[in-house]
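Remarks on the structure that follows.
Order as written gives the chain letters A, B, C and D; numbering starts at 1 within each chain.
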Amino acid sequence: MAQHQELTPSQVLEIMLAKDKFSSWLGLKVIDIAAGYCKLHFTVVYEMLNGFGYVHGGILFSAADSAFEFACNTHGYATVALDVSVSFTRPVRLGEVLTVEAKEEHRGEKTGIYDVRTTNEKGELVSMFKGMAYVTSKQIAL
Amino acid sequence: MAQHQELTPSQVLEIMLAKDKFSSWLGLKVIDIAAGYCKLHFTVVYEMLNGFGYVHGGILFSAADSAFEFACNTHGYATVALDVSVSFTRPVRLGEVLTVEAKEEHRGEKTGIYDVRTTNEKGELVSMFKGMAYVTSKQIAL
Amino acid sequence: MAQHQELTPSQVLEIMLAKDKFSSWLGLKVIDIAAGYCKLHFTVVYEMLNGFGYVHGGILFSAADSAFEFACNTHGYATVALDVSVSFTRPVRLGEVLTVEAKEEHRGEKTGIYDVRTTNEKGELVSMFKGMAYVTSKQIAL
Amino acid sequence: MAQHQELTPSQVLEIMLAKDKFSSWLGLKVIDIAAGYCKLHFTVVYEMLNGFGYVHGGILFSAADSAFEFACNTHGYATVALDVSVSFTRPVRLGEVLTVEAKEEHRGEKTGIYDVRTTNEKGELVSMFKGMAYVTSKQIAL
């Protein structure tokens, strides 16, 4: 009866986090998860800096990409990123705590669109990420 | 006469690499640098995997973003990413060696556009990245 | 004292609409304009269809791009699109009335980011557009 | 035996052009078509101008989007745009003749990626477009 088993968003997240080595490295702390939704935060550490001494754009992308992947997999079907666009709005420094919020804006049979925003402690927008995901027919299982 | 001093692309790269902690963590090896151009490679290690056991999209983005930043700063003016779009075409596994090539497609007074492609050892396209950079008036200095 | 003259968002819109031949062709009706904001609607006519008999993606982009340009110029400085990403979520047919809403998500000294969403009469998302604008120092004048 | 019938790229183009009302309005002239490839040109007319008197960004997008759609449908399966990113590099004026070239960079089972560049008569890049297409299982038929 494997096909009737339905995982909750929290169970899917737990399965993914257990294997997601890079999200561990980033120190991501998920603070809210629900169908099509994920909110997390993390702190900018020394290894995350770029050649100008600010946070590397890849770190901002990566944290948003993880929130996106967690949100889009909550429905229980393996879902992968196809295409992402990200805009950067202000520099981020060592020690800042960033909050990332991913929201589902559309969910079709085969694709989904997610809006992911990263803000600093003052609530200012640091990056804005729009992701298109492809929904496979493979169920995520325990 | 500081304003007449002109750094070569290799000198700019050296300055940036010395501070770029995250590119070090990624293990990026720059194999070619020239005005508006950068080619590098890196190997996918265990800490780079996502919840499905493939390379995390953030890693692919980050390596491309570094190549982009190295290429767009070769002209000697501090240049930062404004907006990036990335498409993912095939999964990448632990141990694969990826090559990233960044090419300048346009360089205006204030902005530049870069096409960055990541390929696997078979030469297959793994991700395609288009980045818009903003050129500041601040010269990069030793 | 030309530099002290400040146009309202409605005045800027009026100046732009008077010259914007393609927005006229599209039949765009602006129903709300404010600082960093624009809402408009239009009807899909026969000349807007593509090779599959649905609305051409270029039409969806164009209406969103106009709303984006109207919103980002409301501050009175000539502002132009640098980079846009658009996602398409469902087909649109002849005769449908679409609503386009552009919101400013960030406004820096030199750049601004706008989120533009197009919905059909059922309120369903048809396309999602994220635009990065470059703010020039040229004031818009009567 | 309808399923064995295979259309050439030119035949697919002919079928699409016959219905594509907006590409007709744009005055697009296809000058080369092949598997995964399309090259076309068009002239900027008065109705294509925006509020600043330059070509409307939607026109640049639309011509590139048509070239993209023509290129991605050449394989004979109905293929639609999912996600597009476009960068604008220089203004275009009334009367300019633009050339648009769409190339397939990746073709998977379900998706394809296309690089579409628009240049002016001097060969200067005017816009750069990266499109992700979704390949349906529906064959295009005469």
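Assume a contact is a pair of C-beta atoms (placed from the backbone, for glycine too) under 8 Å apart; a residue touches a chain by one contact, two chains touch by 3 or more.
Treat the numbers as computed from the prediction; the structure is a model and nothing was measured.
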* Structure fact -> Higher number of C-beta pairs in contact (C-D or B-C) found for C-D
* Structure fact -> Computed over C-alpha atoms, the centroid farthest from that of chain D is that of chain A
* Centre distance in Å when chain A and chain C are each reduced to the mean of their C-alpha atoms -> 29
* Structure fact -> Taking each chain's centre as the mean of its CA atoms, chain C sits from chain D at a distance in Å of 22
* **Centre-of-Cα separation between chain C and chain B, whole angstrom** => 33
* Asked: Which positions in chain D touch two or more other chains at once?
  -> 82-83, 85, 87, 111, 132
* To do: Using the touch rule from the top, collect the residues of chain C that touch chain D in their complex.
  => 15-26, 46-53, 56-59, 61-63, 65-66, 69, 73, 78, 80-88
* Considering the complex alone, what residue numbers of chain C touch chain B? -> 82-83, 85, 110-111, 132, 134
* **Footprint of chain D on chain B - complex, ascending** => 83, 85, 87, 89-90, 105-106, 108, 111, 113, 115, 125, 128, 130, 132
